Structure formats: C-alpha cells, structure tokens
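The structure under discussion appears below in the form of structure tokens.
When the chains are written out, they are named A, B, C and D in that same order, and each has its own residue count from 1.
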Amino acid sequence: MGKKSDAYEAELERLQILLVETQAWTIDEGKKTLIVFEGRDSAGKDGAIKRITEFASPRQTRVVALPKPTEREASQWYFQRYVPHLPSGGETVIFNRSWYNRGGVEPVMGFCTAEQHEQFLRDAPRFEQLLAGGGVTIIKLWLDISKKEQAKRLEERVEDPLKRFKVSSLDAEAQTRWDAYTAARDEMLAETDHKAAPWTVVATDDKKTARLNIIRHILRTIGGPGGRADRPDAEVVFGAAKSRERLFR
Amino acid sequence: MGKKSDAYEAELERLQILLVETQAWTIDEGKKTLIVFEGRDSAGKDGAIKRITEFASPRQTRVVALPKPTEREASQWYFQRYVPHLPSGGETVIFNRSWYNRGGVEPVMGFCTAEQHEQFLRDAPRFEQLLAGGGVTIIKLWLDISKKEQAKRLEERVEDPLKRFKVSSLDAEAQTRWDAYTAARDEMLAETDHKAAPWTVVATDDKKTARLNIIRHILRTIGGPGGRADRPDAEVVFGAAKSRERLFR
Amino acid sequence: MGKKSDAYEAELERLQILLVETQAWTIDEGKKTLIVFEGRDSAGKDGAIKRITEFASPRQTRVVALPKPTEREASQWYFQRYVPHLPSGGETVIFNRSWYNRGGVEPVMGFCTAEQHEQFLRDAPRFEQLLAGGGVTIIKLWLDISKKEQAKRLEERVEDPLKRFKVSSLDAEAQTRWDAYTAARDEMLAETDHKAAPWTVVATDDKKTARLNIIRHILRTIGGPGGRADRPDAEVVFGAAKSRERLFR
Amino acid sequence: MGKKSDAYEAELERLQILLVETQAWTIDEGKKTLIVFEGRDSAGKDGAIKRITEFASPRQTRVVALPKPTEREASQWYFQRYVPHLPSGGETVIFNRSWYNRGGVEPVMGFCTAEQHEQFLRDAPRFEQLLAGGGVTIIKLWLDISKKEQAKRLEERVEDPLKRFKVSSLDAEAQTRWDAYTAARDEMLAETDHKAAPWTVVATDDKKTARLNIIRHILRTIGGPGGRADRPDAEVVFGAAKSRERLFR
C-alpha cells in the first residue's frame, strides 16, 4: 500500500471510531436516524454503506434495499411499503435507494406516469416533514459520478467474476440515457430539497475521498460526540439547493 | 318482533345488498377505501362495523383494532404502526379506533403530552392529505352518544356475561371525564376536518337508525352502484365542520 | 320464530356464555388454542365460526383464512406461511381452512403433485406433534355435509345477492368431483388422525345442531370452566379415526 | 502483508468466486439454503459470515440474528419466531445463532428450564427433518475455539473502540462457565446430529484457515459448480457425530 492509501486507512479508522461513539450516543438518547443513499448506478453507494456499517451495532442498524414493488404494493399509497422500515427509537436505518426511485429511474425508464412523477415531487417533502416532525433525523445523500467514470466502472464490473450480482439489465441504460437521468436529478434536487430534509451532493469519482466526506457529513449532522470531527471539505461536499450550479457545470 | 323492527330489518337488508354491489364495484375498479370509526365507549362502533362487514368479501375487507403500542412502537413516528394496515387496491379497511386516539383518550387520560396532542392535530390532516392524494377514499365517522345513554349501556355491559370482553378498566372514566372528552372531541373535529377527509357525526342513541345512516353515508361517499341508495336523513347526520354546533347543544 | 328455534337460541346463548368463561380462563392461564375448520364448500364453516367468535375477546382471538399462496410462498417449506399465525400464549386462533388444503382441494383439483400429497399426509401429524409439544391445544373439525344438502346450498347461494362473495369458481367442481373429494377426505382422516391432534367429524346437514355440537366439543376439549357443559350428542359427533365407518356409510 | 497472508487472500478470492458461481446456480435452480452458525462468543462467526456474504446476491441472501424473544414470542411454540426467516426458493439464509440458543446459552445461563432444554434436544431434529423434507439444504456449523484463544479475543475486544458493539454483558460468563458450555455443547452435538442436518465442527483458533474451511464445506455441501472446489482439510473439519472425541480432547 502506498502513502496516500495509508493516510486514507488511518482517517477512515478515526472516523469509524467516531461513528461508533456517535451511535452509542444515539442509542442512549433514543434518537431515530434515517440516511438515504441515492445516485446513479456504480456511484459508490454500496461501498460507502459498507464502511459506515462495518462496526455499527447490529441490533440498532438496518440497511434497507427494497426489491421492486409487488403488484399489491404498486396499488398502495406510494410511501406505504417504505414506512415499516423507518427507524424506531435508537435505530439507524440506511436506505440504499429509496422512495426517490420515483424521482429518477421510474420517470426516466417510463415505470411511472408523468403525473405520478409530479405528484411524487410534491409529496416527498411533505412526507419527510411529517417524519422529521416525529423526531426522525433525515440525511439525504446524492452520490455524484461523472459519465466517464461510470462508463469505466460499469465495464470493470462485467469483467469481474466477484461482481456478478452487481451487474443489472438496466446498466446499459445508465449511459445511454445519461442526459435524461441528469435532467431528472436536477429537477428532483430542486423540488425536494427542504429545510427538514436537505440534499447533500457528494462527488464520488474519487471513492475514498467520497467515503470520508460522507462519514464526516453524517457525524456533523447527527451531532453528538462524533460531531467534533473535522468539518467536511467545502470544495467537495455541497448543499444541493444552494450550490448545485457550482457542482453540476 | 314488532313492526318497527321489521322495517329496520328490511331496510338493513336493502342497504347490505347495496354494500355488496358497491364492494364488487370497488374491487373491480381497484379502489382503496378507509373507514375510520371513532366515538366514546359504547357509542355503537362494534355493532355498526358488524353490519357493514356481515356480507363483505372476506378477502378484500379488514377490520383493524390495534392494541396499545409496544414500547418500540411508541418510540416511532406516530403514524408508523397504522400504515401497514392501509388498504391496497380493491380493499376496504375499517379502523375501529385509529390514530385519533391521540385526539381523545390519550390527552384526556394523560397518555400523551400537550405538545404531542397539538402536533397530532396539526399532522393528522397532512397525513390524510397524502393518503387521499394516493387514491385512498377516507370516511371518518364520529359516533355520538349522550351521557345518559352511555351510562345505561355501560351498566348493562357489566351485568351481561356475554359482554365480559367489552368491559374495560377505562369504562368508569368515560362518565367521570365526560366533559374533558367533550372538549377534546370538539377540538379534534374542528382541527382535523378538511376537504380530503371530512368528519361526519352520527347520533347513535338510537342504534338502529344510526346503523342505517352510517351505511347510507358510506354508500353515498364511495359512489358507484350503491350510491343510488336514499340520501341520509339530514336531521341526523351532519357534516362536522359546518354544523357541529347544531348537533352538540 | 318457532319453538325449536327458541330452544336453539337459548342453548346457543348458554354455550356462548360458557365459551366466554372458558376464554377468560385460557387467557388467564396463557393457554394456546388452535381450532382448525375443514370441510367441503358450504358445509357450514363460516356460520359456526361466527357463533364461536361472536362474543370472543377481540384482542385474543384471530380467524385466519389465508388466500392462495403467492409464488414466493409456494416455493417455501409447505407449512411456513401458516406458522406466523399460530397462537401466542392466551390466544385462540381459528383456521378457516388450513394446511389441509393439501389433503383435499389441492390433490383433487390437481394443484399439487401426488408426491406432494403423500408427503403432506406424512408430515402433517409430525408438524402438529411439534406444536402440541409446544403447548398448543389443537382441535381439528371436519364438517360433514351430504351431497344433496350441498347441492341445495350452492344453488341458494347463487340466487342470494347477499352471498355474492361466497360464490366461487370452484363451486361447480364440489358436486362434479364429489367422489374424488370423498376419497381424499377418507385418506386424510385416516392418515392424519393422531393422539396429539385427533379429527372430530360433525354432521352438518342440520346447521343448528351442528353449531351446538361444535361448541360443546370445543368446550369439552379445552377443559376449564366451560368443560362442565353437556357432553356432545354421541349420535352426531364422532371421533374420526374410530368410527368413521359409522358416519360415512 | 506477508507471504502467508497473500496466499490466504488468493485462496479466499478463489473460493469467493466459487461461492458466486454456486449462488447463481442455486438461484437458477430455486434451491433453498440454510446455514446455521453456532459457537461460543468470539469463535469467529461474524468474520466468517462477512466473507461468505461479501459478494453474495443482496436480493437472495439474508443474515438473520434475532434479538432475544419478546414476552409474546416467549409464549409461543419455540420454533415459531424463526420460521418466517426460512429461505424461499433461490434464497440463502444465514442464521447467526439460531434455535440452538436453547442448546447452549439458555440452559447454561438458566434462561430455560431443564425440561425445556430436553424437549428442545428432542424436537430440533424433528423440526429440521420437516424442513429438509421441504427441500431446505441445512448446513450446521459449530465454530470451535479454545479457552485460551477466547480469553485473548474477549480481552482485545474490550480495548478496541471499534468493537464496542461486540462487547456483551455475558462475555464474562463465557470463561467462567467454560465447562458448563462444553458439557452443553457436547450434549447438543450428540443429540441433534442427524442425517438430514448433520453438524460440522470447525476449529477456529486460526481464523483464516477456519474461514477457508467453512467456505469449502459450504461449497461441497451445496454441490453445483462450486462443488468442484478442493476438499476441506480432513485434519481440521470433522463430522461432529463421528469424530467429536478427536477434536474435543
């Protein structure tokens, strides 16, 4: 391992220790934490979640990645199938993709109507406001990858026998419909960024830096003992609503 | 059986047939129906629900009467434990008491804080608007009994060996705290009556008339083939927000 | 109402009071009770269950009528989908049809293979022995109707607008495949009658007598205060394994 | 990293690729796989599970580590709370501790009666035979650590801030009651080893060798494309029933 990698490992460990301290505190205080990971395919969601949960309390931590809705679920109130997974007191729940499917893959791939898409963009903040009012800390992360880096990662995946279960039939569309995904993302970030549950955009072409930034942002947002960690690098992490234009040029 | 009773049985059967027709239609159309029964102890909720569900489709009908929350549930977002029971497409769900516990028994008996009560009154309409926007028809019924009639029914219960499981340790409070319950009800009806899910108040001192009025109101609200039923008696059923003062003198 | 009917109503009420006493006792003692209702279409299962549950404790009583298995459930261990519904301490659970679908409608209609049928007949008693060893009182009732009476009831159903949701596309098969159902029933009763969970066969052409006999049998089997009820009529209720030949001539 | 470590990494990757191939096959074939991890505290269960699931299909893999039973669950049939987690077709479920709690920690710590313990030892094989008959491949692994190595690991844990959530109030008892745990283990392995679900004992003082042996054993037992992997080292992995005496000297 090179020097840069050693520095990453050391910093990651330091932050993971802070995560452990922070979670011990959220458990004691009975705080409810919800972390939503969104972003294009191969943007680094799984890898970041793995580092966050590596030393987390198994009892009080859940990673939720729902399969596509059954016919019955598709007939229900849109948010219904997500609600049973929300955190109870003391729990940290990480959504690996979430209700924001309806802000991205669904409209882009034609899995929902334009009307459902619009309604979702109106309802999501209202739904989240209710949760926040009920004491849920909501951290919404958009992991942002460049078109070139995504192309590289998707290609590598196909060739790696260990990544067989990461390869999806939708992968090809990620590049083909790049611009449609960009437009959907921009609209989603603009429409669903609100005070009770703001978006934070993280550039992830450099995976390691991204992971460190994500953990720092989580520590800072939850507060508590881990909040004494370094502030995230202002050049890398942006509040979505305010400075999207700077990141997405 | 006397003449009056015969007329009731005949009308009940007529309305139950309309309910069957209506439900066949809501199943075909994939409509979601949520009926919320609220009211003081012994106001006639169980009896009315029994008549409504007597010939309903067992597959597409559910009566939900949740026990008091576990410690874990009590730590969650207030509406969370109700959400899994909401209707899927084609289903009719009847809540025998509901989230409105926090608008009545909880504040009156001191099971929630004043702040939680206030927040509930603010949040309930917002929550219901989301459901309504998701295609759920919400029918909220307040079954209204007089103090004297309640006293009589609670007394009869105690003496009837078949009603053993209806008797509750809270029954005594229903009369003792009558005025506190009245105040809570008035505030609740005023604060949570809204276009997407209005309250309907039904006088239930006369059980049979009440049942017929309730079914008529349900048929009319759902619409469909059963909507061709007679209009409910305007002297007995009121829209809560508009004419509460007339009923509750 | 005639004299005979009055006598039925009086006896039913007496037995229902005993059911209430018995359930209060099973709740206090934390006993787990499982009642399985099986029998051909229109044999009277719903009507009997209705009388048993009419005054039962809503909190501690559940009637379970599972829809046909989803594809996922069909891929699981056969008994898996039934297990979450088994009674906890103090609960009475009534299965309106049960795992015995695989002893009747499934082999007759070709919904399972001959091998699955055989395996089921071997496994059911073993599964039930485990439950019984875990403290579950299992009462298995076969409601027995004659071919002629079934024909009459199925016909009446079709004409009654209140029974619309009782009519099933399989109804026609009940008469057409009468003998296949008889053979399946005989094999099932012979193979799955065992000490820990014996079958009891009840003749149901006379609905009222059947209901009274069923309740008496339940009271007697559970024991407790309700067990002081009259013994069931030995001419009507039989232990399946011992005297099937007498009933099914 | 040293030479030995490099060899481990290389072999681990080779086996993980075989696991991926094997799972792709079990998914295609709709096979149900249940892997039960048992063993004393710090025997290496979590670490082994982590390597097995690292590249597994998230959709078809579940790791189940149930919290201690609620009061309601404790009143149920003992196996009831485990059943909903059993694998559906194509799924691999890993139990990190299981119903075998009642063969170890419960009798040793006095959390169950002697009678419940005995009944469990009788019932577990019967229950597993039913599952196996229902097409579930059951792999039961006992991870075997020495008293000295356990002492070392438990001590290290306490000092490592990243292992805070691994430290349990029962840890101290693991050493104090070492012999009682040994006796319980020996009885459990003897009584619950049977053809449909045999035990395999793995020595885990050397973590890396243990992980490789465990994966090899899983590949071999499931069969399919991964079954072409090297046979496990006969000096390290034993069939419990036959050669327990050799390992546990």
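In this section, a residue touches a chain if its C-beta (ideal position, glycine included) is under 8 Å from a C-beta of that chain, and two chains touch if they have at least 3 such contacts.
This structure is a prediction, so every number in the text was calculated from the model and none was measured.
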(message) Comparing the two chain pairs, does C-D have more C-beta contacts than A-D, or is it the other way round?
(response) C-D
(message) What's the farthest chain from chain B if centres are computed as the mean of the Cα atoms?
(response) D
(message) So the centre of each chain is just the mean of its C-alpha atoms; given that, what is the distance between chain A and chain C in Å?
(response) 51
(message) On a C-alpha centroid basis, what's the spacing between chain A and chain D, in Å?
(response) 32
(request) Give, as an integer number of Å, the spacing between the C-alpha centres of chain D and chain C. (result) 40
(request) Could you tell me which residues belong to chain D and also touch two or more other chains? (result) none
(request) By the touch definition up top, name every chain pair that qualifies. (result) A-B, A-D, B-C, C-D
(request) Name, in rising order, each residue of chain A that touches chain D in their complex. (result) 13, 16-17, 20-21, 23-24, 55-59, 65, 67, 161-165
(message) Considering only the defined contacts, which chain D positions touch chain C in the complex?
(response) 30, 32, 72-73, 75-80, 83-84, 86-90, 119, 123, 126-127, 129-131, 133-136
